[in-house]
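Each chain carries a letter (A, B, C and D) given by its place in the written order, and its residues are counted from 1.
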Amino acid sequence: MELLSLEQLRLWIFTTAAAIEQNANALSDLDAAIGDGDHGANMSRGFTAVTKKLEAAPSTDVGAMFKTVGMTLISTVGGAAGPLYGGFFLELGKQTAGKQELDAATLSSILAAGLADIKRRGKAEVGDKTMVDALTPAVDAMQLAGNDITAATRAAATTARDAAEKTSPLLARKGRASYLGERSIGHQDPGATSSALLLEALAEVSAK
Amino acid sequence: MELLSLEQLRLWIFTTAAAIEQNANALSDLDAAIGDGDHGANMSRGFTAVTKKLEAAPSTDVGAMFKTVGMTLISTVGGAAGPLYGGFFLELGKQTAGKQELDAATLSSILAAGLADIKRRGKAEVGDKTMVDALTPAVDAMQLAGNDITAATRAAATTARDAAEKTSPLLARKGRASYLGERSIGHQDPGATSSALLLEALAEVSAK
Amino acid sequence: MKKLINSPENVVREELEGIQLAHGDRVRVSLDPFYIARKDAPSKGKVGLVSGGGSGHEPMHGGFVGLGMLDAACPGHVFTSPTPDQMFEASKAIHGGAGILHIVKNYTGDVMNFDLAADMLREEKIEVASVLTDDDVAVQDSLYTAGRRGVGLTVLMEKLLGAAAEKKMDLAKLKALGDSIRATGRSMGMALTPCTVPHAGKPSFELGENEMELGIGIHGEPGRKRVPMAPADQITEMLMEPILSDLPFKRGESIILFVNGMGGTPLIELYIIYRKAAQIAEKHGVKIARNLVGSYITSLEMAGTSITALRADDNLISLWDAPVNTPALRWGI
Amino acid sequence: MKKLINSPENVVREELEGIQLAHGDRVRVSLDPFYIARKDAPSKGKVGLVSGGGSGHEPMHGGFVGLGMLDAACPGHVFTSPTPDQMFEASKAIHGGAGILHIVKNYTGDVMNFDLAADMLREEKIEVASVLTDDDVAVQDSLYTAGRRGVGLTVLMEKLLGAAAEKKMDLAKLKALGDSIRATGRSMGMALTPCTVPHAGKPSFELGENEMELGIGIHGEPGRKRVPMAPADQITEMLMEPILSDLPFKRGESIILFVNGMGGTPLIELYIIYRKAAQIAEKHGVKIARNLVGSYITSLEMAGTSITALRADDNLISLWDAPVNTPALRWGI
């Protein structure tokens, strides 16, 4: 596939919402081990609200749609994930203002911009045991994968899932998990896991 | 045996203290089922204090000794049992002022007077599921038993133990247990049980 | 049993030492016998208010010693009524020459021990009267029981009589006021969990994950009945309806509404209970003139709640609003 | 999970409705978005103090809204920081023209959400500053962590800045005062039991009958380490020594000492902790100028305690003594 349409990108959000809903308890359990056990509830509250918003008022262009997603996440998720994922989608919105469709190059460049916003806000680097650990290699993989969106998003999704699993042995240096010190080792990071779900949903949509 | 000496009556108190100490948890468990679970702790706190007092200052006569026991129980036991057992021994003290020894008739008459004080204070009748249920038949049995103290006190002890066990099917009408209504049925009354220990100790001492 | 204690025997003494260290500006603690007295007592010509009861109900009673409330409180061992010598010494220590009023919760032990103390005080020519609280509607009152238990109303009683005593109301009038408060206040409580008496070392009863105890007292004892777990709104109805219908509280009347936590229940849940209780009062046309929400009469760490309603005329409301300065209840000063 | 709630989704809304019903004389509750504001706000020329955080810490923060403390509080879902729109609306609602000070506990989520709210307020030409609390000595501060957590000091911070703001101190001075309080207050906490977040439905961690968690935060998370159960006096040492040595508090200094309950711990135990904490302070030659004992910053029904010490000069002590009238903290009025 060469292009993702506004319709397909909306479908990406809906598919993500469904995946978050399905995995809400699993995400909260991961967070209970090294955080405060609310990541699943926070994310599903946010994406439920996003789904309502998008269904109520179909956006006219990709930028407007991503902006709605970002604003809604910021005002409903709370916690650390709210501003981070919210800012991520606001950034995607800025990059795609007025657009009706995206090609592979644009897609990977805007995801890179969104990731940059997360790193700016959260000051986390790769290895700090956060969502950055899943998003960074995934975005790299996508950029290398070339112009077929189906292949590129699949590469990103697979990389993200592996990278999320690889956060388990890490010592947390950011977020609540860092309060646990050594005790944070041996548990997979919930935010990295939800980021993997986000990219998996994108790959699914792009495969259709 | 015809007479109980001051020394033997002191021994009665020490023997009671030991029996209470041994059965403290059992008494508290009975109280937990239909009361507030403190009868054993209350009684052992009281009789520990009594033992200290009596060992510190050997009393000159039976009346003085019983008075010490009563005063000490009142100021250390608390709860319902404190005033009741305390008043019981104060009454025994009044009845035996100046005495150095007691015969069977006197012994049963003073126990009857002590019981009367408990009933005056607590307004409980036989069948209300209280210590009165154990003491009343025991005192009667003793009066019928005649002049041999060993036999009389043994009769009282046996009767008290049986009567205490018979409180189990009763519906409590006095004390905390009465708050439970129907739920008080099927549990043996802690106060009746401690009364039986008191008389068992008397029988033991009289058998020596 | 997991508790922040050193040993069951020392719980009360060490608590009292902590209270002396924390609140020595307002109270004076006696360790032999145990009692907590107002630092500025006795106050001449003022009736001395003395209460007491088993420990484990904190902040009641010790936390209510101070201006506008109690002159002294006598803590017994956990859930065990204190002894006459405590009440006698405490009463003597704070006697300002205008007599002593004992506020007694209706339990056989408390009543008999306070009676003995009153006898001892009278022998010293000190005038003594006593007021009972027996507000628990879960217990049927009858000639064949120990009567109803004194529970949440005791907190309101101590605040209101304390304010009246501060205004130098005499002993007879205070006793009469107390009796009228006793006659117009009702309470009921429930538990989600038992509690563990330190020297017992194990829970006072066992309760399943889907059960609760309805009609509990304040001594960790089981309630009148065990019922299936229910949502907060239904639980509030199970407490409010018996309370309102017992007196009964009538349409157009004003009340002081007190939603109490049993010790282990977080405040966030008490406000959820208060919300429904206020809605039920409104439905019955009963006006909430004043309210109190918090854990003031507890059963150690028990999770649960109790509700108390007291008929409140303007006089009672002004006594409620009067200044109070105690470790646990304070306003207007 | 046994709780006095109707459903996990409605816990915060129904709590807020209860607070409105109980304290409508002092506060105004907004349900969309969630916040609690002083009824008499905005007050002209006074800096508006706004705090907030996840729910489940009651009475913090909503119970501290009122004269001499906060102008508004924003409750998030249980243990989840609130969102920027709440802080934005609350701040606008109570803005008296002298700017807004946000009191923020140092958690990644709280900090980022308050930052977003501050940006939104600045776009409306409202002056905003913020003060952080990061007083938890259990967490090592370093470039490689999220820094220390804000815990018990937050309660003292809100009282003290509230008193200063009431005296019309300007935003810059308030911010400076807050930073100096931040620099001189230290805390540490421990837990005997976990707590259960309503929408999680199960305990936040498992703990054996002979274990406790040392160095916990206030979100039901496990502590820095799990250690064997110990007597209250030893537990108090495990908390006090790290606190005193961290700043360090020096011989001859005065402090405000705050012994806090985590929600499920009865008051009787807190006084046993306070007793030992005061003895330890004395041993170190540190004078306790003022104290606070009670459950003011909690983790739902968690059993445990935290201790906070704040260096206190005469100026801070007079701010502490200044009148405060909130649902949870009240004196002098």
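What we mean here is this: a contact is a pair of C-beta atoms (placed from the backbone, for glycine too) under 8 Å apart; a residue touches a chain by one contact, two chains touch by 3 or more.
Treat the numbers as computed from the prediction; the structure is a model and nothing was measured.
Novice: I'd like to verify one number: the distance from the centre of subunit C to the centre of subunit D, where each centre is the average of its C-alpha atoms, in whole angstrom.
Specialist: 29
Novice: From the C-alpha centre of subunit B to that of subunit D, how far is it in Å?
Specialist: Result: the chain centres lie 55 Å from each other.
Novice: Starting from the mean Cα coordinates of subunit A and subunit D, work out the distance between those two points in Å.
Specialist: Result: the chain centres lie 32 Å from each other.
Novice: Residue numbers in subunit A touching 2 or more other chains?
Specialist: none
Novice: Any chance you could list the residues of subunit D touching two or more other chains?
Specialist: Residues: none.
Novice: What's the contact topology between the chains, one of line, ring, star, complete, other?
Specialist: Its topology is that of a line.
Novice: Let me know each pair of chains that touch one another.
Specialist: Touching chain pairs, listed by label, are A-D, B-C, C-D.
Novice: Where on subunit D does subunit C make contact in their complex?
Specialist: 2-7, 11, 14-19, 21-22, 55-56, 58-59, 63, 192-193, 209, 212, 229, 231-233, 235, 263-275, 278, 291, 293, 295, 298, 300-301, 303-305, 325, 327, 330-333
Novice: Within the complex, which stretch of subunit D touches subunit A?
Specialist: Checking each residue of subunit D against subunit A gives 33, 54, 76-85, 107-109, 112-113, 115-116, 138-140, 144-146, 149, 197, 199-200, 204-205, 217, 219-222, 224-225.
Novice: Within their complex, state which residues of subunit A touch subunit D.
Specialist: 28, 32, 35-38, 41-42, 45, 74-84, 121-122, 173-176, 178-181, 183
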